[in-house]
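Scrolling down, you'll hit the structures one after another.
In the two assemblies presented below, chain A is common to both, partnered first by chain B and then by chain C.
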Partner chain A sequence: MMLTLLDELLLFSGATLLVALFIGRGLAAGWMVTILYGGQLLALLKMAVLGYEGGTIASSLTLEVMGQALSWRFDALSWFFALITIGSALLSSWFSCGAWERSYIRQGGNIWLFHTAMALNVFTMLILLASGDLLSLFIGWELVSWAGFLLMALAGGVAARAAMRYITYAMAGGMAIFGGLALIYTASGSLQLEAVTTAVEQMSGAKLWLLVILFGGGFGVKMGLMPFHLWQAPAYAETPGPGSAFLGAISSRMGLFAILLVLVKLFGIVKIESLKVPFTLIDARDLLAWIAVFTIILPTFTAMKQNDARHLLAWHGIGQGGYMLLGVVVADAMGGAGGLLHVFNHATYQAALFMAVTAVIYRTGTSDLNKLGGLVVRMPLSFVVLLIGIIGLAGLPPMNGFVSKWLVYRSLLNQGMPLLFLAAVIGTLGTILSVYKLIHNIFLGQLRVEHEHVSEAPWSMMIPMLILSAIIFITGLMPGIPLEWIASVLQTVGLPVPDYTLGGVESSSGSLDMIWVIGVLFAGFGVGALVFYSAGRSKRVHQLDNYAGGHFLSADVRYQYSDNFYAGLMHLIGGWYRGSFLWLERGITSLVEFLSLGMQGLYRRANAEFYLLTTALFVIAWVVI
Partner chain B sequence: MGSIKQIPVVEAKRTNPLARVFDDLVRFCRSRSLFILHYCTGCGAIELPPAMTSRFDMERLGIQPMVSPRQADILLITGYVSIKTLKRVILTYEQMGSPKYVIGICSCTVNGGMYWQSYATAKKLDEYMPVDLYIAGCMPRPEAVIAGLQQLMDKIHSGEASSWEDYYRNYDYYLGNQQKLFGEDWQTPTDVISEAKHYDLLSEGTLGDHTRLLEQHQKPLEALEMRLGHEQEEPAK
Partner chain C sequence: MSATELLIELILMPLVAFVVGMMMVLMMRRIAAKLQRRIGPPFFQPLYDIVKLHSKKTQVSHGLIHDIGIVMAMGGYIAAETLLPVPGMNGIAEKGGIITLLYLMMIPSLGLALGVGQCANPNGSIGIARALTAMLAYDIPLVIVVFGVAYAAGTTNLIDIIAVQQAGGFETWGATQMPLLAIAGLIAMHASLGKQPFEIYIAPAEIATGPMVEMGGKYLGGLFVMQCFQLYTTSVLYVCLFLGGGTNWFDFLLKSFLVLAIPMSIAYLFPRYRTEDLLRLMWKWPVMLGLIGVAFVFV
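Our next item is the complex of A and B:
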């Protein structure tokens, strides 16, 4: 039997899992696993023809289960997501080797379980991405859910509770998807991908609505779309450092992958657009767009209130997912490209940000934003990485986040959706405010006495962070590199493809050339630098030689506070934070608890006559009807 | 310090023929973009809002308020300075980046004014720091404040407003007066002597008995260096 390229990749990934599983306790296990991720990346790059030209590469493994053929294959869409998955796994795993690993073991962490969970996540994600029919999609989906649970629950305590919450949501989502599969099977008698299209064509309004809700909701849970967003931030934030970098970068994008595959490629945006919401002027596509926009705004503003750096970033992860869905749902050339580009860009800067925060935790032992400050003089490289990351996250030039957000904004304006545009901009405003809080409270301001002796993160952590920073900048300068892959993805899922160049996109309704934008920006910096370096010498002063209204400062006086950041803003908008979704979640939880208590009371009652009576009643009712 | 005009000032020799043109341009720019830090010590402060706002509109002269001394050019002392306040004023003055200018507003900064008999008021501001310009009056009206500021702009343009150099050249004199008032253990966080070296303004009057006294008890603050080392230091026990 000839092995196809996809077989090689999956075997490599499985081998990584086995290595982690069996010799993961060894000293150099982390490095070994990292090298194997590198091998996976090479195996993926051998399939690069998918990303550049399209087409499919099938796996030679096929199964037959109850008359349904299961198959696995890669196309441009799978390749693009797999690239991000393996790339972020490689860098996160690299980051975890050496210094971080030792401190993790010292604190009582189980490094074997960590490496195994990571390898398992990558393996299951590749299986999901390779799914060639609905049944293998569902199997992959469940595998990814459970693998994610393993990684999230690692740290125990708060993390385990967050992971339980996650798996509850994920199971509910899985059930919804299963319901969707059942509907399609009854309509078309098959679970092949083509069956979806035939089933959708036969279906009427109400049934199609149900299908969209089941799939959209089920996949949306993984993406953390409103109102299913509550689980994500604590689950990702409490995972051990490199794990949250990996999860934050790619894990919830699996939901977007499934949405792209099922709702965009198989249903088609036109079909979704034809579904009208009764008694209103909007259709299902508008509904999705508005869900995406609220997913941007609410979690972003929740992020602003977080006092833990990891939680702040994890909430942003949810918010940024909204931009991706928004771009894809707008579904013109620029919007689709922007949404998909944001998947790539978000993975790069989110991983870099989580790593920088983990480096700070490694050195100072805390990620509490109210207990840090002034670290720029002790950890300057980590500061630079975090700075590059937040510029990307906030969507400002010259980093890559700007390009994808610009494309999404542009498509909203081109398609005449000013309200959605405005809402997206409000979300960006919240992003900028909260990332400023992040960098200010960790790195700027007064260095604490207890952090006098902190030093820069070790090179084993620094190098992956610097590589990610370089990627963030280079793909910001030359977005044409990822846009080339995205063009094939757009073609695969049946969306229009923009005219892209190395520096951006070209269109009659607005072009972008990042090489020019960055050139002009750096020319400005150059003029500033010229003035700075030519006009006199600068002088470095002690942080206690600072102005505090003329007060004489000493080390025991904290002249710079970072408690209750944005108090003034919260005075204005604080009343809007009502925790309605938490309230809703608690309501549902207590309702379920109440019902299960009732059920328990029913079947625990050892009362034969009662059972007989109810059964008899049911039988009579059935006979009569 | 009456004899201040007699101190010979050595002008740096400029060989570049364009240097004078350039210097003139720099002085012109400096005089047209002034940020004031108004240290509102007394009643004179009440005349500043009208001077700043739409009626007299300081900003048309290129003068704006600034919140921190590091970015400010002018220190405005707007009234009597009690001894406690004077410590803060000196701290603030030393934190300003050169070139810097001091304006004393109200009679109190000239000679103590109506607080002449007070035990807790510093009478003459220019005994403790060089003052470029006084705007006398009790209190001076906004017109007078604006006129004074315009005069300062002319002085900056003509190069006369160089009293900040005097603080470095005669630091010992000023420090002596400060020590007389605040006691011998008086110290500000700014290391003025090293700043004098930084600006090439170290002269005979910079060092003396008073600076020696300061050095005996001075605890220098060491600047926080950017550190790239990856080895974590053990905290000092």
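Our next item is the complex of A and C:
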């Protein structure tokens, strides 16, 4: 039997898992696993034809389960997501080797479990991405859910509680997807991917609605879409540093992959658009778009209120997912490209940000935004990485986040959707506020006495961070590089492809050329520097040599503004949505509890007449209907 | 267009912006003086100030980021000018468009925010927190306005937006076609200048001039240059969106100065709002006007 390229990749990934599983305890294990991730990346790059020209590569493994053929294959969509998965795993694993690993073991962490959980996550994600029919999709989905649980729970304590919450949501989502599969199977008698299309043609409006809700809800849980977002931030934030970077970069994008595959490619955006919400003017596509913008806005403003750097970033991860879905459901050339490009861009800057914060934790022992400050003089390179990351996250030029958000804005403008456009911009503005708080409270302001002797993060952590920063800048300068892959993905899922160039996109209604924009920006900085540095030399003063309204500052005086950072804003909006989603979650929990109590009561009361009565009632109802 | 011509335009556009910007600062000071019954500064005062600040002997730095912040504050605007078409010169306006321009205009403020952050003075940090909050306040109506204009013109390319307005003279100006958006834009523009009653982040009496608290010499000089560019960019952008751009330099400059004179004259009559009042005001009136205006664009 000949091994296909996909077989090689999956075998490589399985081998990585086995190596982590069996020799994951030694200190060299981290490096070995990292090298194996590198091997996986090479195996993936051998399939690069998928990303550039499209087509499919099948695995030679096929199974027959109860008359259903299971198969696995890669196409442009899988390749694009696999590239991000393996890339972020490689860099996160590299980051975890050496210095971080040693400190993790010193603090009582189980490094074997960590490496195994990471390798398992990558392996299961690749299986999910390769799924060639609905059954293998479902199996992959469940595997990914449980692998994610393992990585989230391994820190114990708060993390384990967050992971429990995650797995509860994930299981409910899994059930919803299973329900969707059952619907499709009854309608078409098959679980091949094409079955969705045939089933959709046969189904009536109400059933189609049910299908969209089941799949959208099920996949949406993983993406952290509103109102299923509560699990995500604590679960990602409490994972050990490199794990957060990996999860934040790619994990919840599996939900978007499934939505792209099932709802966009097989179901079809046109079909979704034809589903009207009764008694209103909107259709199912608008509904998804509105869910997306609420997912952008509310978590972003929740992020702003966080006092822990990791939680702040994790909340933003939820919000940024909204942009991806928004772009994809707008579904014109710019929107689709913007949504998918944002998946790539988000992975790069989110991983860099989590790594920079982990580096700060490694040196100072805390990520509490009220207990840091002024670290730029001690950790300048980490500062630069965090700065590049937040510019990307906020979506400002010259970093890559700007390009993907620009595409999403443009699609909303072209389609004439002012409110969605406004909401998307509000999310960006909120992000700018929030990330300034992040960089200010960690790196700017007053350096604390206890951090006087902190030094820069070790090179084993620094190099992956710098690589990510370089990717963030280069793909911001030349978005044409990822757009070429995305063009194939768009073709695969049946969305229109924008007219892209190396520096951006061409369009008769306004183009973007980042090479020019960044060129003039840096020329502007150059002129500014010329003016600034040609003036008299400045003298560097100590941070305590500062204006304090006539008082003298001394080292024991804390002279830093960090708590309640946007007091004026919070004064106005603070009370608007406090905890409303927690109420919703508690409401559902109590409802389930109430129902189960009722059922239990019914079940325990061995009352023959009552059973007879209920059965009779059901029979009559069934006959009548 | 040849590469040399483009290069000359790219150099000339920021230079013109700087000179006009200095004259706008002068106008602002003269208006303030008139309202306060003073004589006001002489013609070259803005230039004297910039030269004086840059040649001060005592230049206090709080570190590299402090310096870079000032460089970014100036450089961001210098770059933004090349995306802003003026009579006879388009620069690289078609390679970016209005959305890119709006985002480039945020870079100076964020550079400044970084620089102020390293000064390690809570007054400065509070100032920046307030400035960013103010940005969240006025950018929301501004974005509605920009959406309306771009959607009506069917493009984000500023050159086309101006061409559409110039097609039929005064009749086709943005302000005549979309008066509600023009009013909302004017209010948002006033707030974006950070003048009274919206100068919450300078607030000399409460937070000791906020971002400027540790700025002296060439640092303050850099901020002065930034203000020249800011006045120019804001008013020219408004002229491009609503007043049909400029057909020649005379009418272009006349429109730019006049439109800037409106918020300036209002500013010196008012005291200062609180932060939450600014948010409430911006999110209520201009947003409402803007949304109605956008609705009219769709009709």
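Quick note on the criterion: the second predicted complex is superposed on the first by the 592 of 625 C-alpha atoms of A that agree within 3 Å, B and C clash if a C-alpha of one lies under 4 Å from a C-alpha of the other, contacts with A are read in each partner's own complex, and residues count from 1 in each chain.
In this section, a contact is a pair of C-beta atoms (placed from the backbone, for glycine too) under 8 Å apart; a residue touches a chain by one contact, two chains touch by 3 or more.
Every value quoted in this text rests on a predicted model; they were computed, and no experiment measured them.
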Three-chain arrangement built on chain A, chain B and chain C clash or fit: clash
First, second, both or neither for A:552, with chain B first and chain C second: first
Partner chain(s) touched by A:622 [first = chain B, second = chain C, both, neither]: neither
When both partners are placed on the shared chain, which of chain B and chain C touches more of chain A: C
Partner chain(s) touched by A:526 [first = chain B, second = chain C, both, neither]: second
Contacts of A:566 with chain B and chain C, given as first, second, both or neither: second
Chain B versus chain C as contact partner of A:409, first or second or both or neither: second
Chain B versus chain C as contact partner of A:279, first or second or both or neither: neither
Touched partner set for A:540, first chain B, second chain C, both or neither: both
Partner chain(s) touched by A:377 [first = chain B, second = chain C, both, neither]: both
Chain B versus chain C as contact partner of A:432, first or second or both or neither: second
Chain C region in steric overlap with chain B, selected from 39-47, 147-155 or 255-263: 39-47
Contact residues of chain A, present in both the chain B and the chain C interface: 376-377, 380, 447, 537, 539-541, 543, 545-547, 549
Residues of chain A that touch chain B when the two form their complex: 363, 376-378, 380-381, 447, 450, 452-459, 462, 537, 539-547, 549-553
Interface residues, chain B side, partner chain A - complex: 39, 68-70, 87-89, 91-92, 95, 188-190, 195, 198, 221-236
Footprint of chain A on chain C - complex, ascending: 10, 14, 54-65, 67, 70-80, 82-83, 92, 94-100, 103-104, 106-107, 110, 113-114, 117-123, 125-126, 128-130, 132-133, 135-136, 139-140, 143-144, 147-148, 150-151, 154-157, 160, 200, 208, 213-214, 217-219, 221-222, 225, 274-276, 278-280, 291, 294, 298
Touch list for chain A against partner chain C, complex: 374, 376-377, 380, 383, 387, 395-397, 402, 406, 409-410, 413, 416, 418, 421-422, 425-426, 429-430, 432-433, 436-437, 439-440, 443-447, 508-513, 516-517, 520-521, 523-529, 531-532, 535-541, 543, 545-547, 549, 559-561, 565-569, 571-573
